[in-house]
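Report on the following structure.
Letters are used for the chains, namely A, B and C, taken in the order the chains are written, and counting of residues starts over at 1 for each.
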Amino acid sequence: MPAEASTLLLHSLYLVAIVAEAMTAALAAGRRDMDWFGVCVIACVTALGGGSLRDVLLGHYPLTWVAHPEYLGMTAGAAMLTALCARVLRHLRSLFLLLDALGLVAFTVIGCKVAQQMGLSLPIILVSGMITGCAGGVLRDVLCNDIPLLFRRELYASVSLLTGLVYIGLDFMLGLTSLAVPVALTVGLALRLLALRFNWQMPKFVYRDDWH
Amino acid sequence: MPAEASTLLLHSLYLVAIVAEAMTAALAAGRRDMDWFGVCVIACVTALGGGSLRDVLLGHYPLTWVAHPEYLGMTAGAAMLTALCARVLRHLRSLFLLLDALGLVAFTVIGCKVAQQMGLSLPIILVSGMITGCAGGVLRDVLCNDIPLLFRRELYASVSLLTGLVYIGLDFMLGLTSLAVPVALTVGLALRLLALRFNWQMPKFVYRDDWH
Amino acid sequence: MPAEASTLLLHSLYLVAIVAEAMTAALAAGRRDMDWFGVCVIACVTALGGGSLRDVLLGHYPLTWVAHPEYLGMTAGAAMLTALCARVLRHLRSLFLLLDALGLVAFTVIGCKVAQQMGLSLPIILVSGMITGCAGGVLRDVLCNDIPLLFRRELYASVSLLTGLVYIGLDFMLGLTSLAVPVALTVGLALRLLALRFNWQMPKFVYRDDWH
């Protein structure tokens, strides 16, 4: 895939992903009886928080939404639409899970590319992808006062890790730059959908003591 | 109002506001049985956290309290005084609500001005005001392990949004720079006090499903 | 102590400290039934989060783990080893408390030195030490959905404050640079171990009202 096509694909997936993340975040806020403003804030933090945390940690300024305030409008608008149409969305769970999986892998690849363009080392490129893919959901859960689902659910972060590994492997190790983006997206998406379908989980570490 | 007078007014309100925020935060920490150190930390985070988050997100260094460490001393001192005199303060709820409202609008206008001086776009100026006005309280609630009140209470964030809109409208749209600060402060303060008096609320988005 | 020796001592203690923090964090994650990935994330955030927050707040880039990704590997590896060997570790509580105390004072002195090398003011040097020493544990508790223990436990933050004060006092006030690091470490460690032994606590601020 030529470089422009893969950039365009990633950008389109990015827009789909922030809208999808905003919508699922709005539903999470609704489960907590938040007001309309809270719904918009949770949506923006979930959709844009992963990239923001990455940029702050890497010192990569300006942040995406500062340079493109229209993304704030898109996420807030998607959140309000969701609150208006919640009755309909109730029946679209499978669609949301698909869009959420798309978002996860697209965010991950974008995060890898940002660190790559900053000339950072391979492990940091991988971590940058995982922060971009996963941190938004963690921030959402912290603001909603939950234990982050990420740390307890099926293969979410592992999908992000694998997506980043495939991307790095194809682009850096094998020099197959034109294949890196589409293959990483496909592999990550497939693993995520399989994990959802068969309810694959990471082993849990359960520990009890009487120290506290 | 001449530029120096409005700067002086804002600065005075800023000092009043960080002390007031520190005091209400100390009471919140006391409700959670924190020790004296925890009380000081919660007070500093609440009073200075909104501005700090804004500065980190916008890449606006050094942060206010790094350049002016005396603000840390003021907030920690106000918090300890509050813990000492809590019995008296119990009777001053109305005064606290007034000072808190003053702080909200003053922080908001200051946040707008910071983004304006960095040459950022209008939506980001508005968002910068809202982060400065509201994020300290959200950080306080996260550290105290509450669902942030901001997302569930009367018109708090909406007041910040309106204050920013009035400020931007007068300063940018109409060119009435000398009026922008005092009018924005007055309108915001009035709306907040009316919302408190008549218990105005944003509509809530209540959503239940059996997805989880 | 010559400058190189004190740098080497601090660096060795730093490595011991991040491994120890990662191990205690892994046990905390295990108490919450997190999966293996969650265990690694909590470990990295706890061990490296204090320094990261300090660097982000002070605008001190690149962050330690971005420049040294091997620290991420060390903490994640220590966390996974902990999950594997949790049965044995159950009996080593005293060792963990000692290593944790070492980490607290080593992190604090390192944080002071970073702010000092940036040419910041004395209060900020002190605050930088406290953030480096204490913030990792606060982030761990927020991610595990606890009220931060820091604000309710024995002398943790006070030890960090005292360590920083001794360091600053010897280095800046008295010019005893060669003594500053070892004496600050020793005094801080001694106070922490005494506080643990005799269960010293800061006075709590307990406040009840019917405002909410």
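As a working rule, a residue touches a chain if its C-beta (ideal position, glycine included) is under 8 Å from a C-beta of that chain, and two chains touch if they have at least 3 such contacts.
Bear in mind that the values here come from a model prediction, so they are computed numbers and not experimental data.
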Equivalent interface positions on chain A and chain B, same or different at half: different
Rotation angle superposing chain B onto its copy chain C by C-alpha atoms, nearest 5 degrees: 120
Chain centre separation (chain A, chain B; CA means) in Å: 30
Sites on chain A at which at least two other chains make contact: 56, 142, 145
Chain B contact footprint on chain A (complex, rising order): 26-27, 29-39, 41-42, 52, 56, 61-63, 66, 69, 72-73, 83, 86, 90, 93, 142-145
Interface residues, chain B side, partner chain A - complex: 56-59, 120-121, 123-124, 127, 138, 142, 145-148, 150-153, 157-158, 161, 201-209, 211
